[in-house]
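Here come two complexes built around subunit A, the first alongside subunit B, the second alongside subunit C.
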Partner chain A sequence: MSKRANDEKRAMGALSRRRKNMPYYFMLPVLLPLVLLFGYPLIKSCIIAFQNYKLGNPDIYFNDFENFRKLFADRDFFLILKNSLIYVIGSVAGQFFLGLGLALALKKKFPGRGIYQSIVFLPWAFSAFVVGLLFRWSFNGEYGVVNDLLLKLNIVEKGPAWLGTPGLSLLVVTIAMIWIGIPFFGIMILAALQSIPNDVFEAADIDGCGIFRKFFSITVPYIKPTIIITILLRTIWIFNSFDLIIIMTEGGPANYSQTLPSYIYTKAFSAYDFGLAGAFGLMLMLILGMYAVVFLKISNYEEAGDF
Partner chain B sequence: MKRTTSRRIETVIRVIVLTFYGLLVVLPIYWMVITSFKTNPEIVNTQHITYFPETFTLENYQSLFRMLSYSTYLKNSIIVTLVSAIVIVFLSILGGYGLARFKFKGKGGVLIFFMLTQMIPCILVIIPLYIVFSKMGLINTRIALFIYYVITNCPFCVVTMRSFFERIPYELEEAAYVDGCGRLETLWRVVLPVMFSGIVAVFVFAFIGAWNELIAGTIFLNTPDMWTIPVGLKSLIGKYSVQWGALMAGGVLALLPTAIMFMFVQRYVVEGMTAGAVKG
Partner chain C sequence: MRKKKIMALMLSAALALTTIGCGGGNNGTTGESSSDATQSGSQTADAGAEQSGVTLRFLDVSPSETRQKYYEGVFEKFKEETGISVVYESVPWDDAANKITVLGASDQLPDVLTTHSGWLGQLTSSEWIIPLTDYLGDSTEDYTVAVNKLFWQSEIDRFGDIYTIPDGMMVKGIFVRKDWCEELGIELDPAKGWTYDEYFEVVEKLTDVEKKHYGVSYRGARGAFDPLMTYLQNYTGGNTYDSEGNILIKSDECREAFQKWTDLYRNGYAPEDSINWGFTEMVDNFVGGLTGTLMNDSEVAPTCMENMEDDQWMVMPVPKSEKDGKLYNLINGSYSLSISSDSENPDAAWQLIEFLARTENSSNYCRLSGLIPIKKDAAEDELYGEGGPYYTFTMQLNDPDLVVPATIGAFDYTDMHQGVMHEEIQKYLLGDIDADTALDTIADELEIRMKKYLEEHPETSVEKALVMQ
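Let's turn to the complex of A and B:
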């Protein structure tokens, strides 16, 4: 083999190696910190969950399943689990249907749509913290505007203490959560709607399809991937979020609006019982993982993880 | 004839629906804003709840500034949020481009990993980080928050950025390669300029995510001179007395920056997401 051919071959080899490594040059700066900073805490949490880990405790050892025993022995565990489910399902369902309605209403152009959109999508930019305050204030039993309106409209005789009543407090938290989340669904679904080619609808018009037929036979199949992935993501986020609850009720009254993550937070940072908090956290993750797998299976979504 | 009536009905329904959503969003915001301009006696008058301030006052804002060193929190919030958002955008461009343009071993794994990160309860991340940070002396520093905000917001932003890249035809890049440009140069000169809206959208996501974060802030920061706005405001909520006027004033001020920003770039966000929605 001539020297030149050899050189060429070597050059090609280097080039293809470079080409092969290329994706990793792009991915590593992102993946490395993420794997380290999610991986380490996760492993550490798994270990802590089986230890008597309390902050400042000098004698830390493995205590078998003590934390998990404590978890299931917790009087309120099943109440909290129930609250979490009601809160998540209620919030996601409310956000989804209201967001879908908003997206459908925004699909067609109308004068002033730009300004209108920037107003109705605003809650997206709001912090759960401030929204929590606002709803806590509006649903205040004595000075709240909600009770005042209900009284004026003669719907109630005496306004309830919303945030101090079992059942109602969780409802108010759920309402606040729905309010924040409508824009997320609205934007995502609107975006999906706008990517449906117009001629499909025109063809359906020619065939004489009604509004409902068009909605279920064209719109829904087209936006299905978006719906699946937004619902999945949103469910996970809501399940894991608890700042709203901490701000509005701190889980009260008597844990009636407590959800798993807010309970974990209280356990971890009022008693500094990191071991028990870790056990609860693993529990929560297990539930979410099972949910994600089942949800993706049922919805027939092929591209798992492709959100 | 029938067509025009059905169209008219459609328009009426649309107006009703749009009004409903408009009120749904505006009324709570209105309530917060006017509460912040009422005097305290007016706020806590059970007998007579007013729907417009009888006496318009700035005293809530004044007492807010008296009770809190708001400018310190503002400065802290801006520094942490801005730096985090810029770094997140940078990482999202790299990661998003890598995912959009290459096939490589472990790509599916990367996507599943991103999905998994969303499932980890934040407490499971915060507790170990808290332990590590205290050993490294990072508790009560902006670095701790910065690290936390970058890793928690990155997965969503990377994947979103990826769908923006996928919308851009590869031919555009090919032309540049033929002209002898390298990958990075092409990315910088050819690809990024045409996906301005996508970059803006990701920046806004990252900014909002960090700006509004409360929990990690309360855990990682413990002296008022390091607090961010949400952490500072939270300190106003006493167990027994809540100063609603000042709190609402603080809420208005906390929401203002992101609200203004969002109103200006909302168009790009929807535009950008429309691009991404094709893939789902």
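Let's turn to the complex of A and C:
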């Protein structure tokens, strides 16, 4: 092969490599801040999890698995884990089903739909602080509007202390979380519903399909990718959220409404034990990682939306 | 599929762990909030005076519009007199302990900071504040006996030095619904006082659930152990440990006292929700008319004055012990002023503290915050004398039976205070554990920490209760 041909081949190779690498150069402005803002805290947290790291105590050193021993020895660990699962499953399920219902109701045009849509999507715009206070007062055992209604309707003889009773305190926080998140599912599923071609439904009508058949054979398969990704995201968000719990109950009474993130927050910023909080964080990451893998596997995400 | 899995893993990992990793960032916003506060409260540097160029940073841990206005005014006067400028910074009380910890750990504490007695263990052990004993010198004589014998003596006993100047004395009392008592024919006389059993009896009588009247604002959440501990110390002579560090609150008398105290909740003399109440809820529900008594500091008095009619409330002294007739009352500085070890101008910082402690300035400040003044010559003020709203508090300070119980200890027990101390009591109130288990869990952990502290600090002696006379 002549020298010129070799040079041309090398030049083509370099050009090809440059073209191949081009997308990565474009992604750099996003990747760099991500690595700095997420990567560093991520790695630092992993390191802290294996250290005796108490804010205010200059004596910081690696203590092997001591934080994890403390974590599993924590008398409330399994209670908190159970609370976390109930909180997440209850919240995601409530938000999904009510959000789906909302989206289906808003799919067809009706007079005033725009105004109605704005009102029902409003909770998504509220801060958790406002929602927390709103629900805390609504469920106040003595003055709350909920107990007032229950008493007036003769449903109960004595209004329960919602925020001071084990089980009920977690229920109230879950209800508040459901209320905040319905619009998210509503918006996302509504967008997916509106993207389904109308002729598919027309064809189904001609074939004599009933409403349920159309829903399960057309609607659900079309919106499945949206459902999977929204459930995945929302689960991770809810699992990580602690603001509502801190505002409404501070995890009380006696940790009965405490979840892993709110406990991490308490350990880190009330007890200043960052090492133990880091261990809890690592545990949370493992749980969420496993969840993501299992969820994507069983939901068959790869094939979702293929027709 | 593999890429999606990896992405999902990365996403969940990042979201989960940044809760911790970015946590410092959350606290790290101190600089930002301080800066905001700085802009609102800053005062320009003076070029003409002797100390021109010196600018001090002052951190207020309990900011309010009133306090900021007071401080800005007094800093202006200070600048006129000394030429030293002061920058007012603030941090909300709920975040204060966290922020100070973060600032201390990063060597960024302001020159002068207001602190709380509960933080002193950490502040002194971390050497984030400096001793003030030499600065004070003979001027200690200008301060009230209570400041000298109770406040500073406690600091010397615990930390070996005087580290702070109180901004006023905080004395506990029992706020009572006067109108409810009159309606029920209950006669109360602050000068005569009462015992704990008499107090519990009044709480019971004031409770009428049908009328939504409960006898007591019960503290069930963070800080729940504090008033209970003082009650238990009625049976230990005011001490927490013996000379070897063995805890004293596990006696039969203390166990009985533990049950009596918690019976206030268990017997329905407090709303069920109060298992989650902290300071704010206790005060709100007393002022709002749900509860009939409230044990708290004199700082609550301005709130009562503002929100209640004069014939609706009164203050009784803390009940005396059934065992020895002594008045066990936790006397504290509300907040106290200290100089950080990060200060480059500690002498100027001391000048500022001295200026704030001057009778005129101190009395004005105490009026705002519901405190008892720290200088001797301020005690003649009619607000604090007989007939004044603070008389019950000043009266207790002069009671020969007054005993200030020993604290929990000089070691760091923040994690217990934020967790196990109230959680164990809550579990007992909910019926999850028995009273002995709850008390033993708290007491045993305290004993372990105290003994460890004594081992690590062999030169330290165990703090004893302080008596006035």
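As a working rule, the second predicted complex is superposed on the first by the 278 of 307 C-alpha atoms of A that agree within 3 Å, B and C clash if a C-alpha of one lies under 4 Å from a C-alpha of the other, contacts with A are read in each partner's own complex, and residues count from 1 in each chain.
Assume a residue touches a chain if its C-beta (ideal position, glycine included) is under 8 Å from a C-beta of that chain, and two chains touch if they have at least 3 such contacts.
Computed from a predicted structure; not experimentally measured.
Colleague: Applying the touch criterion given at the start, work out whether A:N255 contacts subunit B, subunit C, both or neither, answering first, second, both or neither.
Modeller: second
Colleague: Tell me the contact category for A:P58 with respect to subunit B and subunit C: first, second, both or neither.
Modeller: second
Colleague: Counting only touches as set out at the top, which of subunit B and subunit C does A:L288 meet: first, second, both, neither?
Modeller: both
Colleague: Quick check on the superposed pair: does A:G94 touch subunit B, subunit C, both, or neither? Answer first, second, both or neither.
Modeller: neither
Colleague: Thinking of the overlay built on chain A, is A:E142 touched by subunit B (first), by subunit C (second), by both, or by neither?
Modeller: Both subunit B and subunit C are touched by A:E142.
Colleague: Quick one: is A:L163 in contact with subunit B, with subunit C, with both, or with neither? Answer first, second, both or neither.
Modeller: Second partner only, subunit C.
Colleague: Subunit A residues in contact: does subunit B have more, or subunit C?
Modeller: Higher number of touched subunit A residues: B.
Colleague: Is A:T266 in contact with subunit B, with subunit C, with both, or with neither (first, second, both, neither)?
Modeller: After superposing on A, A:T266 lies in contact with subunit C but is clear of subunit B.
Colleague: Under the stated touch criterion, which partner chain does A:P29 make contact with: subunit B (first), subunit C (second), both, or neither?
Modeller: Once the two structures are laid over each other on A, A:P29 reaches subunit B alone.
Colleague: Let me test your reading of the model: by the given contact rule, A:F121 touches which partner, first (subunit B), second (subunit C), both or neither?
Modeller: Touch partner of A:F121: subunit B, not subunit C.
Colleague: If you lay the two complexes on top of each other, which residues of subunit A touch subunit B in one and subunit C in the other?
Modeller: 38, 40-42, 44-45, 48, 140, 142-143, 236-237, 240, 242, 261, 264-265, 268-269, 274, 277-278, 281-282, 284-285, 288-289, 292
Colleague: Which residues of subunit A touch subunit C once you look at their complex with the stated criterion?
Modeller: 38, 40-46, 48, 55-58, 76, 140-143, 160-166, 169, 232, 236-237, 239-240, 242, 249-250, 252-256, 261, 264-274, 277-278, 280-282, 284-285, 287-289, 291-293, 295-296, 301-302
Colleague: Note which residues of subunit B are touching subunit A in the complex, please.
Modeller: Within the complex, subunit B contacts subunit A at residues 14, 17-18, 21-22, 24-26, 28-29, 31-32, 35, 43-46, 49, 51, 91-92, 94-95, 97-99, 101-104, 107-108, 110-115, 117-129, 131-132, 147, 150-151, 154-156, 158-159, 183, 204, 208, 211-215, 219, 230, 233-234, 237, 244, 247-248, 251, 254-255, 258-259, 261-264, 266-267, 269-270, 273-280.
Colleague: Which residues, counting only subunit C, touch subunit A once they are in their complex?
Modeller: Against subunit A, subunit C makes touches at 1, 4-5, 8-9, 11-23, 25-27, 98, 101-102, 104-105, 122, 125-126, 212, 220-222, 271-276, 290, 412, 414-415, 418-419, 423, 426-427, 429-430, 432.
Colleague: Going by the contact rule set out above, which residues of subunit A touch subunit B in the complex?
Modeller: Residues 22-27, 29-31, 33-35, 37-38, 40-42, 44-45, 48, 98, 101-102, 105-106, 108, 110, 114, 116-131, 133-135, 137-138, 140, 142-143, 145, 148, 179, 182, 187-188, 190-192, 194-195, 223, 225-226, 228-229, 233, 236-237, 240, 242-243, 246-247, 261, 264-265, 268-269, 274, 277-278, 281-282, 284-285, 288-289, 292, 303-307 of subunit A touch subunit B in their complex.
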